[in-house]
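These notes open a run of structures that come right after.
Consider the two complexes below, in which subunit A is the common component and subunit B and subunit C are the respective partners.
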Partner chain A sequence: MSLKETLIRGLAYLYPMARRWLKRFPGGVYPQYKKELSARHPLHAPILPDELILPLQQHVGVPAIPTVKVGERVRKFQQIAKPAPGLSVPVHAPTSGTVKAIEKRPLPHPSGLPDWCIVIEPDGQDEAGDMPVAIQTPTCPASLKKMILQAGIVGMGGAGFPSWRKLPTKQGQIHTLLINGAECEPYITCDDLLMQTRPHDIIQGALKVAECIGAEKIIVGIEDNKPFALKAMRQAAEGTGVDIQAVPTVYPMGGQKQLTEQLTGIEVPAKAHAVDVGLLMFNVATAAAIYRAAEYHEPLVSRLVTVSGEGLAEPMNIEALLGTPFEALANVAKPKQPLDYPLIMGGPMMGHEVVNTQVPVIKTTNCILANPPQPITPAMPCIRCGECMDACPVNLLPQQMYWHAHAHEWDKVEKLHLFDCIECGCCSFVCPSHIPLVQYYRHAKGEIRKLREEQAFQEHARRRHEAHLARLEREKAEKEARLKAKKEAVKKQAAQSTPSVDAQSAGLSARERAIAAAKARAAKESGPTATDDTAAKRKAAMEAARKRAAAKRKADTSDEPAQSPEEKRKAAMEAAKRRAEALKAQKASTDSATEKTPSEKVGDPLCADAKRKAAMEAARKRAAAQRAKKAQEAASSTDTSTPPGSDQATEETAQADRRLAAMEAARRRAAALRQQKQETGEETPAGKDQTPVENAQTAQNPTSAATPSATEKRDTEKVGDPPSRDSKRKAAMEAARKRAAALRARKAQQNSEHNDT
Partner chain B sequence: MSNNGNLWPPAGAPFTHADASVGKVMMQVQIASILPLLVHIYYFGWGIAVQWMLAMMTGLVVEYAMLHLRGRPVKPFLLDGSAVITVTGLTFCIPPESPWWLIVVGVSFALIFGKHLYGGLGYNPFNPAMLGYAFLLVSFPAEMTQWTLPSAVSGHTLSIMDSMIKIFTGHLPQGLIDQVTGATPLDHVKTGLHNGGTVHDVLSHSQTIWNGIAGHGWIQVNIAFMLGGLYLLWTRTIRWQYPVGFLGTLALLAWIFHTIDPAHYAPPLFHLLSGGTMLAAFFIITDPVTAAATPKGRLIYAMGIGVLVYVIRTWGGYPDGIAFAVLLMNIFVPLIDQYTQPRVKGYSK
Partner chain C sequence: MLSAILIFLALALVIGALLGYAAVRFKVEEPPIVEEIDSVLPQIQCGQCGYPGCRPYAEAVANGEADINQCTPGGEAVMLKIAEIMHVDPKPLKAAEDGEEIVGHKVAFIHEDDCIGCMHCIKACPVDAIVGTTKAVHTVILKECTGCELCVPVCPTDCIEMRPEPVTPRDWIWPDPEKLVPTVTPPVKGAHP
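And now, the complex of A and B:
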């Protein structure tokens, strides 16, 4: 003990808060620890409950995917759920028995929402099958990563972060491995008991990890209020080079960044992870679990749990199988009064109340706390005393953050580094006004996240809209260019077929020129007086020409061969008409105004009608194809961004088609969403093709399905014309209703979720 | 109320709490002020006790009425003790034998305009006690400057009955008003310097009366305040930055000017132990609601008050400038807090 430390400890008798100067990080509080309640008893003998409830998600990340069926017999250590792609770990059977059900059960999660669990009815034989082959003794970072993943090991100090994800990919990235045995929360003693009873496992697990990742140094930090654990660990570490350090007892010494600074003096930068500065930290229980996996190929199926609290006559620590209901354990500890008050999972500083006593022990359950409810002190106004600031281990200004959070000034709260708050509860603990500060910060974090999501969504919609406008512009330009090119071509053609009238009809259109040429020829033949006759003749000629043109249209569009004068005139008429018709068809499809010419009046409207019908048919088909594609993608992806496919599909079609297709698609999507919702509500995980993982994701992101209809609606509005407005409005209303429902669902979820973080 | 009386935000961790409450904080301040009160009674007679009772009753009535009018729960806010602190702070500032209505008006103004009209406890930007004092000083200067002379100086010891008669009727049975009350040492020195004397002249001339340093009775009361303040520091009711910043600045300025011109500038000890220096250092500027909240900010805030107090005392129109100095620095609190945020862990800054 250094002189400084001795002085401070002496001073602490006079001025207790002098203890804050004993450590390297600021703040911290000294709650009543009450650890002796459970620590004074030896480990309780294991119990076998009537059923084990194994949630598919006992960790941070993506839930595991069940690999067993209801009714199937499972053996101890058998994998019953495989890791999903992404941040996930598998789940193993803690004992032998039968899969009773795969259903939603309440979880020990702040939200208290039920989620998918595999329920096993133990047969009492505790029969182990072959060890999972995937769990092999590791030798390198990659194999260690694989082993930890396959053994289903997560951060057992309470974080629940899959441990494999924390590991570096290469040797030598980590210079110091830190083992967290601080256990700073009051009441909890499971790590203490673990260090006393299985110090060898912890040390060997740490050595294994250090060997695989090439760490040069191992430091174990243990609070100095655990003398027995310190002694046991020092004995076990003898000759291994593992450094066992006693650290001052202060809450939150067990915080990752706090203990890191205490042990190494390194302050991990705010936006960085410990790995970035060459450090890696594991909880003692995690280290022990790694040892069990490396040495005996055992996956994680049980853990030490502290069962303590003022409401229990015989608090204890017990090696509990994962999935054991809280009540089964609490009953072993002999409740003093009926457990009609909420139990707490974790310690009194950072734990959370659970919805009922039937929630199971999961990989992160370090403590079940049964403290009968105390009278609640109502919150008083903040008097800015500054106790919270002095208690904050991160040097935040809790009081000012509260002030702004209370006023819903999210930008200001964020500027005060809200997201660096570790929610340790020190500020709430010391607040003389009893303000639930941490709740305000959690709420603020939730609100800010929501705002960010909304902003991202709006930004995305804006970009889509702009892209859409640009596309319309581009298409218009292209169309004009095409039209122009066509006109040019027609002009050239006309010039070739009627070279004699070239000069006088230079400024007229091809059609007009052709008619003029025909008139001139007629006048030459029958003289100026026989107009009636000429008109009749012309009519007949035109009729003939039309027939020929219809036949010709199907064959080819090559130039007419030169014929006799009469034939010539007919041919000219015919060519003119054909060109006119082509032009008309084009114009009808582009919706642009065309001047009515004589030939157009005569040209059959049936043809254009048929064309439009065909176009509509095509659009409908495209919409259907799109729909199918979308339904597929909505089911398989969580991506909230681009509504798939629609852009490219509609790009090539004319605007009228696109309008129809969009409307149809919007209607379809709405229907799909409706169906999807029903499915998420009813489906069982193994039964249908959608896994619970996907279900959960679609439920979490109802906006992803609603997104396309929103943007699509805007599209429709843009290009809409009067006749389709009614149906369009219907589609829009439908979409709006859907969005509102989705928003409601999301809100409900966030409300229940904002306790957590 | 802070959470609008509804269930937002929901209850959650931590499920344990330190043994602290607003009432307990205020009670510490009250305990710390017992010693100065007794010392005050010993040197200046029972006047302050009568004033204190009067002030307490006024405070109780005003608090009840205001909480009722504002539709707030009366009990928790009446028991939080904040009004008691305001009342006590103000009582120490007014002359012990001043007429009864002075303290009644002062307390009412302090609580109504200084606290409740801003939204009650925790929402007032100005120190209520100092607001009340400043209001009395500018409104009733004559009554506010006639301080009771220490009994050792005047040769009279006023009984509690004498004080009550004086306070409620304005007359003393013996008709000895002129010999019982007079100027405070700060006032005395200021007037003496104004009339062309030197600090040495003023202090030595009145050695028997003023004790050579800062005035008989005043020194003792100031020391009592300091002891009470140390108790507050020990119980973590107040933070060290306030007294250190304020007293340090005041002493430094006094020392600098006294060294330059000893004839016209009073020595540091005179400033530290006269008037309301120690009262301010440990009981007034430490009011957390109206003071800067960050560690550095507290120091800057306290130093600012030190500078202003010295300036007003030395060159200003009032003998003691604590009330104005505090109120002026109250204005700067948001600005100070804004620019003195501590370095958050993990950031370089």
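And now, the complex of A and C:
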């Protein structure tokens, strides 16, 4: 003890605050420590609770990702959650057992909000599996980082910052490794006990880290109110070159920046980290955990916890498995009264209440405090005494900050270096008006962070909205371009196909025409107008009349069973002549119609539809007439003997049938042609679906329009846009229907003929 | 007499020329006021101000067509900022004047049982925060939703609900001590020895 120290201690009897001159950083307070409550007892024997609740996030950063399933058996040290990308650490099973649930449970967090936890039901075997930590002993910062990450080690002093992230990437960046054994919060003695019971682990862990990162010096800072710990540590450090320093007992000596300044005289700049000035600090518990990982390849699955407070009969320190509910530990310490008041995690200065007694011990839980509630002194107005300013260990102006935080002037609070506040609670502790100053700063910090996030989100939303608008614009432009291209293509094709249609109009195959008609139908789904309707009806009526007449004729001829073969031949010849005439006439009319179509059809696209309908109608009627005739013939054939020369008759019927088919085809041709002229060519390969029946029909008919250029035409037509599947299908169906009608008609006639003979 | 007039005339011309030159040469480029207002608006493109987005509203305010207090999601903070930019007196919020309740940030939630996959909400979303396709259930990207409520009225089955954003321990902030009874037991006061 130097002369200066002796003098100050003497002066402290007259002026207590003179003790602040003993240390290097400003401010600080001297609370009642009450450490003897728990420090006088040896470590309690470990307990095994009924269930272990392991939060996925026990650290600062991103929650870990579970790697086990509900119902799975896990063994001790098994990794049950892997680190997420970014700032994260894994979680390991503290003992063997079964994963009971992965669900949201309340956390020992000031918010009291539930978050994802893996719940393990221990089986009592405590059976260890493979060690998740690499066997190789680390020798460089990278391997040390990897090992610390694998072991899931975080800052165990209370901050919970993943330790691997604190390490430098290169050797030689750190000149001094500091080990924090100050433990300045009242009540807490877990580090004290750790230093007393496992000084070797701490020293060896520190040596390992120093060796890997190339630090030249190791300093351990221990408050001078822990004489046993100092003694044990000095013994363990003998011959290793580790410097054990006793530091004055003052709150908050355990703060990283405060202890750094005390031990090295270096004040870490406001926006810099200790690494930037060549320093690195670990808590004693972290150093011990690193030693366990390096030497025994054990991940972090348990820690020393102080269970203390005025409400407990036997305060103690215990090696608690991570995930042990607070209540289980508090019950071991024999509560004086039922635990119906909130427990506190951490010390009385910086700790916070937990939402219920079932929250688990996590990697940062150093103390469970059971202090029965005391009457709360209501806050009174600030009297501007300035006590808080004197107590602040980071030289802030708590009173000014309070006024601005009170008025929600966040920008002004920030200007007063709010983010340098370590939330130690010294200002609240000394405030004679009992103003919860530190709560204002915590709230202000949260609000400012939220505002920043909101601003970033606004910027993000603005960008997204702009992208959205740009996308709409682009889509519109693309659509227009597509439409334009299509229009142009159609125009081009129209220019190409019109002359060829004219030239080949007479020579189109029935199949092509049918396709064209089908296409037209598909395109013009809307029904025909009134005028179209009447025209179509008239046409249909005419057609039907013609059919009827033909049928009658036929019936008449077949009705005369007593006709001689001679007569029959004559009649057949007559009929053939008539047929030829009719066909000629029809062909002529078709041709003229075809010629007329372009001018006729320009303003009347629905005509084709109507015609088609008419054709269908006619076909149906034809079929009906034939059926009727057949019935009649069947009736008559029963009493008539089969005359010779039936060959002629058969031929005649066949011819009649062909004629009918030819008429039908011609009609369709005309409609198709007109439609095609109108449409200017959207021809399809759907035509290939056409059955050979129809082709045969056309081919059979010697008088019908020939099909010389059919293939040629098809080729040119195929160039056009393929129609939609829907229209194709419709066309095919229509064609099939027509075919069926024609077939039916023919069959009926043939049957009747058969019966006849 | 004449000399004095001439001298002053000459002086006036010289100084006038100097001033004119200075006005051109040292012109201070002020940031366009529209940009400035747009930058303080919340950019959720909700249209609650009566304009089709934040930027149109900013333009309307800059042109004096709109009042400064029409941004409901921005609340009082935005109104105060606009008042500062426009150099006008702050006004109470329009929504508050109309007696509407001002609530915190909400996000859209789609009841997927009722969603028929009509794409209406996807088209309405100004920030493309709804994903889905025709006849497939749509869902909201929580992270991107600005809470503008534009998707709510267009839904034919009323399956979109605005819900308060869930708070997790990561985005939780300490409450305002003034609105709170102190919860932490006050620290044990140490007596000075």
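In this text, the second predicted complex is superposed on the first by the 450 of 757 C-alpha atoms of A that agree within 3 Å, B and C clash if a C-alpha of one lies under 4 Å from a C-alpha of the other, contacts with A are read in each partner's own complex, and residues count from 1 in each chain.
Here is the rule we use: a residue touches a chain if its C-beta (ideal position, glycine included) is under 8 Å from a C-beta of that chain, and two chains touch if they have at least 3 such contacts.
As the structure is a prediction and not an experimental result, all values here were calculated from the model.
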{"item": "First (subunit B), second (subunit C), both or neither touched by A:A81", "value": "neither"}
{"item": "Partner chain in contact with A:L416 - subunit B first, subunit C second, else both or neither", "value": "first"}
{"item": "Contacts of A:E447 with subunit B and subunit C, given as first, second, both or neither", "value": "second"}
{"item": "Which of subunit B and subunit C A:A328 touches, first, second, both or neither", "value": "neither"}
{"item": "Partner chain(s) touched by A:G425 [first = subunit B, second = subunit C, both, neither]", "value": "both"}
{"item": "Touching partner for A:V284 - first (subunit B), second (subunit C), both, neither", "value": "neither"}
{"item": "Touching partner for A:H109 - first (subunit B), second (subunit C), both, neither", "value": "second"}
{"item": "First, second, both or neither for A:A270, with subunit B first and subunit C second", "value": "first"}
{"item": "Partner chain(s) touched by A:H352 [first = subunit B, second = subunit C, both, neither]", "value": "both"}
{"item": "Subunit B and subunit C contact sites that coincide on subunit A, given as residue numbers", "value": "29, 31-32, 110, 186, 344, 348-349, 351-353, 371, 376-377, 379, 406, 425, 428-429, 434, 436, 439-440, 442-443"}
{"item": "Touching residues on subunit A, where the partner in the complex is subunit C", "value": "12-13, 16, 29-34, 57, 107, 109-111, 113, 115, 186, 342, 344, 348-349, 351-353, 371, 373-374, 376-377, 379, 406, 425, 428-429, 434, 436, 439-440, 442-443, 445-447, 449-450, 453-454, 457-462, 464-465, 467-468, 471"}
{"item": "Of subunit A, residues touching subunit B in the complex", "value": "14-15, 17, 25-26, 29, 31-32, 110, 186, 257, 267-272, 344, 346, 348-353, 369, 371, 376-387, 389, 393-397, 399-400, 406, 416-417, 420, 423, 425, 428-436, 438-440, 442-443, 755"}
{"item": "Residues of subunit C defined as touching subunit A within the complex", "value": "41-45, 53-54, 125-129, 144, 146, 167-178, 180-193"}
{"item": "In the complex, subunit B residues that touch subunit A", "value": "1-3, 8-18, 20-22, 24-25, 76, 80, 82, 120-123, 234, 236, 239, 288-289, 291, 293-295, 298, 337, 341-348"}
